[in-house]
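Each of the next two complexes has subunit A plus one other chain: subunit B in the first, subunit C in the second.
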Partner chain A sequence: MSPVEVFSTAHSPITDPHVHVWGWEIPVYLFLGGFTAGLLVLSGYARWRGRRDPGPEPSFALASSWLSLVGLLAISLGMVALFLDLTHRAYVWRLYLAFEPGSPMSWGSWILVLVYPVLIIGVLFAPPRQLRERFPALARLKRFADDDRLRRRLGLLSIAAGVALGVYTGILLSSLGARPLWSSGLLGPLFLVSGLSTSAAFVHLVSPDPEERLGLLRLDNALILTEVALLAFYLIGLAGSAEAHARAAELLLGGPYTAVFWVGVVGLGLVVPLVIQVLVVTGRVAHTPVASILVLLGGLALRFVIVYAGQISHWSPRL
Partner chain B sequence: MDSVTTVAADARPAKHAEPVRAAQPYTNPYVAGIGLGLVLLAAFVLVGRGLGASGAFNSTIAWVTSKLAPDYAHSNQFLAGYLPEDGHPLKAWLVFEVLGVAVGALLSGLLANRVSVTVERGPRISVAGRLALAFVGGILMAFGAAFARGCTSGQALTGGALLNLGSWMFMLCVFGGAYATAWFVRRQWR
Partner chain C sequence: MSRLGMVIDTLRCVGCQDCVVACKTENQVPEGLNRDWITYTTKGKFPTLELTIQSERCNHCDNPPCVTCCPTGASHVHHFGGIVLVNESQCIGCKACVASCPYDARYIHPDGYADKCTFCVHRVEVGMDPACVAVCPTHCMYFGDLDDPESEVSRLLASRKHYTLLPEAGTKPRIFYLE
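The block that comes next holds the complex of A and B.
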């Protein structure tokens, strides 16, 4: 990742230029990071409550190893996207030579060091058949999975790693003070809730357990409502703040990103799936994968809009 | 995975079983027609534009072409008309309207329990044959819409509501052409 932060006390478009350096890689990374964070929190909670994979073979239920594998795959794809964005790829290892408490990127790097082992342990607790056949020694790990106390501790660790990862994806942006659209403490909770919502939608899509699916549907409805409220507070906060913040909010409230934000993120990504899922929960329509897919696409669209619009938000009075 | 899924699902109590309801019949076409007219009126009042469909596909094709072959897209008079100098080609009223149509159709289908993955066809025609005929029909429709500068929704519905003479001629030709062509493919639906 190579963010270009421009710190300037001048208010001239020449000395305080418009910098657009982040392409598709960063929104994709933030989305996959938030999605993995959500999976960690949800599966961690299930493990902490003592739940186990219901099938004789690993399934895609909440406390399953397959879901940890999905998380591992998602965060790894996100890391690939992040790596593609880096300017000095050969020096990425230097992030792990120091810990800078004031740097969100340093926090993020070390949080990822925690996330990977938690996900790998989640996979190894009940390894998929293909892995067991290839590596018979893995079958011995089952006794660890049968230890309730150990499983509950893994659950707590998973929740902690998930919350840290989810909040970090938002704080990464909000710490870059050069862009007023990102200058809000609500981005962390917003991205965490969005990550939880997308992961709940995904597990609802793939879980074999009808009771679990219904519970996730109800949870996702609550998460979507929370996300709508956070988005409202975020925009109200910006619009009522200093002039630069108000103009940044205008990018989504009448400016060039208005249509894609209100139609893509709010309409298709939040309101429509919420309506469908409420109808499903109340028994008026049958289960459909469409709502889950819309939630996932809406989560991705949110990152694209916030990252792209944020880069053209500016402190200068006029561009 | 399928066997696992079945075992896990069956092992659970039936109290959360998903409801199985019969598909509801389609709405009375006269009632739906009045509804469509009110939607058209609402579109004029709320956004100052009528309804359409083919324009959304033109915008999409122009945008995709501009990504793959930008020089060609901008030199082609038809495609260039859908590529604004400032702003995204997909930021067009008809694109958002068609998205709304898809969402409305989905909600309607879900409420009537008619959503499924299927190819609607008559008893005499195979799936491949039905898709091939639909593809040919789609190509003819695309040419027709380009020649007539609008499709059934843009010309007949919106233009007709505005009492445009050309749009009324278009509508009469559409009905005439449809009846004449239907004779050749009528057996596919019987």
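The block that comes next holds the complex of A and C.
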């Protein structure tokens, strides 16, 4: 009879450390931040290439001020979620009395200071008709929209702000080394590409320009494939790393988050919309909002799974 | 410049939880929360089993991830002995430090800020031991300057086999366990 191997830990539920985890607010913020980042990059690229708001209003084409307004709304909703997550809210202004180079959260709070003016300028650049009628002074801004050089510069600034915002939402988690599931720099590009994909899916749903819709459908297909590859590299990297990281990868590859990850994130969030969008591009089915909605929900599910599973991943096998 | 640390003799610890009670009383830690706690670990193959009892708390790491990740500078290394502390009026309650600690040593105080073991800085600064060390009935805990080769903690570490918790996390903890 072989002896029994024992490895047990008795913790006291009364005195065990109480770990306060992030709730729904953080994944929602990371999703909306990534979505806004994608809008900034895509509309920035269109403006940089010299594209103008095609009208008629309201138009949600790439270079339109309405799309900047959507971005402004999304990031503001995200900020509300972020604020709700804070537990010492009266001191939130402390973020802006410091710059901590080692803290991505500090970088993020300053990146948001760059993102807001870019989005606001994006809206005011060619103010929507409703705004122009209410505030006639704004009509004068229209002449800036006709200035090609200014529009191209705003485009470049917008791309820079978008990339910074998108990458930071991933690096924010990667920098917290105590949670092995997050210990990968690939989270930066993964969240950026996911943000680009969700925003491309949104714009090809709402854009009035058929050429733009087709272009964005093709782009989103490429982005989804890139995202699948990045997810694979991320999991391969973790699974082949130290024991704690391999155990963290198990959470997604054969643990409590496996079902929601494969069904929600990979299946419904990436593979199914990719198949639909390929069929749309090749003209076999009509353009449908289903694919866009799935991509958006998939992006949200990705943030939820990574944030929630990451918080229970641990260096110690006992916990 | 001193570098304060703790040495805990697991061979003497009986897991009585006196350190836990002393800390709660001394620091008025709110109900349901703890700055230190005890773990009991059984290892081996039956019938040769080995029980290890550890009194755990913030490790006041030399490389503290909670200080690096703090966006406001509220988490900081104190000038006295390198103790890792939180400045309540700078903390926004973002919980990055809670997530960054591999020892789960931090919690959110009901008033909203991040809180944890302070090595009883208010006692240590006037030359006393932290409450948990002072109260231990088996005298299994020692506190002192790790940079002073003559200190009791340095001598114990020089003469006895010891380990730290999760050294692989790279935080360079300053709580040592004698075995």
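By our rule, the second predicted complex is superposed on the first by the 298 of 319 C-alpha atoms of A that agree within 3 Å, B and C clash if a C-alpha of one lies under 4 Å from a C-alpha of the other, contacts with A are read in each partner's own complex, and residues count from 1 in each chain.
Following the convention adopted for this analysis, contacts are C-beta pairs under 8 Å (C-beta built on N, C-alpha and C of every residue); 3 or more make two chains touch, one makes a residue touch a chain.
Predicted, not measured: the structure shown is a model, and the values here were computed from it.
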Counting only touches as set out at the top, which of subunit B and subunit C does A:Trp315 meet: first, second, both, neither?
second
Is A:Gly240 touching anything from subunit B or subunit C once the two structures are fitted on A? First, second, both or neither.
neither
In the overlaid three-chain picture, which partner chain does A:Ser175 touch, first (subunit B) or second (subunit C), both, or neither?
second
Which superposed partner A:Gly283 touches (first subunit B, second subunit C, both, neither)
first
Is A:Ser103 touching the first partner subunit B, the second partner subunit C, both, or neither of them?
second
Per residue count on subunit A, the busier partner among subunit B and subunit C is C
Could you tell me if A:Arg94 is touching subunit B, subunit C, both of them or neither one (first, second, both, neither)?
second
In the superposed view, which residues of subunit A touch subunit B and also subunit C?
none
What residues of subunit B sit close enough to touch subunit A in their complex?
1, 4-5, 7-9, 11-13, 16-21, 87, 91, 96, 99, 103, 106-107, 110-111, 113, 115
Contacts from subunit A onto subunit B in the complex sit at residues 54-57, 59, 61, 208-211, 214, 256, 259-260, 263, 267-268, 272, 275-276, 279, 283-288, 290
Which stretch or stretches of subunit A touch subunit C in the complex?
3-12, 15-22, 85-89, 91-92, 94-95, 97-98, 100, 102-106, 108-109, 175-179, 242, 244, 311, 314-316, 318-319
List the residues on subunit C that touch subunit A in their complex, please.
17, 20, 32-34, 36-47, 49, 65, 68-74, 88-96, 98-108, 111-113, 166, 168-170
